[in-house]
Amino acid sequence: MHIKIFTTGGTIDKVYFDEMSAYQVGPPNISSVFEELKLAFTYTIESLMKKDSLELTDEDRITIVRAVARDASERILITHGTDTMVQTAKKLADIQGKTIVLTGALKPALFKTTDAVFNIGCAVIAVQTLPPGVYIVMNGCVFTHDQVRKNRQQGMFETLPSSETGII
Amino acid sequence: MHIKIFTTGGTIDKVYFDEMSAYQVGPPNISSVFEELKLAFTYTIESLMKKDSLELTDEDRITIVRAVARDASERILITHGTDTMVQTAKKLADIQGKTIVLTGALKPALFKTTDAVFNIGCAVIAVQTLPPGVYIVMNGCVFTHDQVRKNRQQGMFETLPSSETGII
Amino acid sequence: MHIKIFTTGGTIDKVYFDEMSAYQVGPPNISSVFEELKLAFTYTIESLMKKDSLELTDEDRITIVRAVARDASERILITHGTDTMVQTAKKLADIQGKTIVLTGALKPALFKTTDAVFNIGCAVIAVQTLPPGVYIVMNGCVFTHDQVRKNRQQGMFETLPSSETGII
Amino acid sequence: MHIKIFTTGGTIDKVYFDEMSAYQVGPPNISSVFEELKLAFTYTIESLMKKDSLELTDEDRITIVRAVARDASERILITHGTDTMVQTAKKLADIQGKTIVLTGALKPALFKTTDAVFNIGCAVIAVQTLPPGVYIVMNGCVFTHDQVRKNRQQGMFETLPSSETGII
């Protein structure tokens, strides 16, 4: 099985530059996570942008949708900032015949304790086992793109209150 | 969704005791991995034994099978040493109506670079998304229990040469 | 031997809050570094402030100087942001009869790869072995407070060009 | 200042080979610790042997003593297993005019929580600041080679009961 990975930035890729006492989006950490592992699937990684997801514009989302639609692979994994992950997921909803999984992290992958590696593991299996559709995989669960929101205070994703079917 | 986790030992749980210059199976590391995360599913963890999987006896496997069969949950995740993981998986094959996922690690979870956290992420999603059956989830892939072997030299799991259907 | 530790903030103590997509100074990380170790000296840790060192005011420095001067211990270790570490060191220069060591980090202690633990190890020995005076211990070396500067581009401390005695 | 580093093995360099379910001495970890840091001193690293210190023979100790005696540098740091570190230190006691520091770790450097990086930091400063002599630097303290023992149960080094001068 081949997985195509698009990276867009977000907390998962944040690094710290002491020279500027600043915290910025760096290169996609999913590559270094994968390099430390022996994987039985093949993959390619393409960096579309390096942005905090609050800074993603409509044009950025069009770029993402086009890249996914155009790609030959039926298994698409997108790493993305968590704040507007749901918004991007909705834009991808019209794409047919592909299993599209978005994931990210609440703590940068470069931290000693981070959810990044666990979330990437979750997303890798979700994208291989789920039927076509758009999913958010966070907090160890699969959420359908239209039944989920980020609860910022809890630092967790949750199904919409009205929904009973959002979590798979 | 509720996941029942049984731990049996294996490399994933290995610790190092300087007092004895020895390397032994310690308490289940999956608990500490989970404690560092915010998870949207519920789980219970039960330690069945703490053994290198090469030391598991027929009786140990009977203990594992009985514990899984008896448990109320339909979603069972087992952490296990990799050397005889396939052997244990085969013993579980007669259990009906449950999704049973075995995973482990090639490097102890306490190492700076380990496959443990990634593998646990993979297994957590596999056990929630797959239909009833017995699966081995390693190296970022799902293997059916009867079509897989460990390639010790490669440090990887792979489908049996005769099979084209072992990897999902 | 007893070491008194004052913490003032800086990169070493920076944490990341996803809720605000922001990076702030958190509790002193030297405590958690010490808790993971078995140490043959005794110590007490006192948090004076939690600030990026660029934000330290003259009043903050007066607070630091007074706390050090007043303290009974002759061995004082201060964790401090690197940008104005030299400035604070100069203010401490009039204190007699105490070995005062300032250290910090260029990468937060919570990162997987950080200089924090190494620097703390360096500082702990420097404060025990050096004669009274004010020192900056960074990059594996001891610098006297009046012969050192931070080279921001290199991300390193270095002796002043005019000096040949700054590094011990 | 130039530091010459000799490595001899020990827990600090232990790795885990899943292929053999075994735990062995690997390449010197001090190199990878140093590579992650920006250091203001220069150094060379020479691997003399890769052994658990319980397995060091009299001949190994002669090799170590000769290498140290013959080396041009006056600042010598030796990484060594902790169980017989004191024994090796005593053999080095006749060497004049050099500051010789032995250190090691109670947990392998490859572990998430290890004393290796801290101990290396301690040793790096000790070797630069102490007068000629043979020292053991462990648990954040400097011990003179003739007044120290390892307390295996505590997992710590301590001064001999008769001594009041062993710890500096």
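The first chain written gets the first letter, and so on, giving A, B, C and D; residue counts start at 1 in each chain.
Just so it is clear, contacts are C-beta pairs under 8 Å (C-beta built on N, C-alpha and C of every residue); 3 or more make two chains touch, one makes a residue touch a chain.
A quick note: this is a predicted structure, and the numbers were derived from the prediction, not measured.
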Review point. Which chain lies the greatest distance away from chain A when centres are computed from Cα atoms alone?
Key: D
Check your understanding: More C-beta contacts across A-C or across A-B?
Key -> A-B
Practice item. Mind checking the centre-to-centre distance between chain B and chain C? Centres are C-alpha means, answer in whole Å. Key: 45
Review point. At what distance in angstrom does the C-alpha mean of chain C lie from that of chain A?
Key: 38
Revision key, fill the gap. Rounded to the nearest Å, the gap between Cα centres of chain A and chain B is 26
Check your understanding: Got the chain A residues that touch at least 2 other chains?
Key -> 106, 112-113, 155
Revision key, fill the gap. So the complete set of touching chain pairs is A-B, A-C, B-D, C-D
Review point. Quick one: in the complex, what on chain D touches chain C?
Key: 1, 33, 36-41, 106, 113, 115, 117-126, 128-130, 137-142, 154-158, 167-168
Check your understanding: Which residues of chain C touch chain A in the complex?
Key -> 11, 14, 16, 18-19, 21-23, 52, 54, 82-83, 106-108, 110-113, 152-153, 155
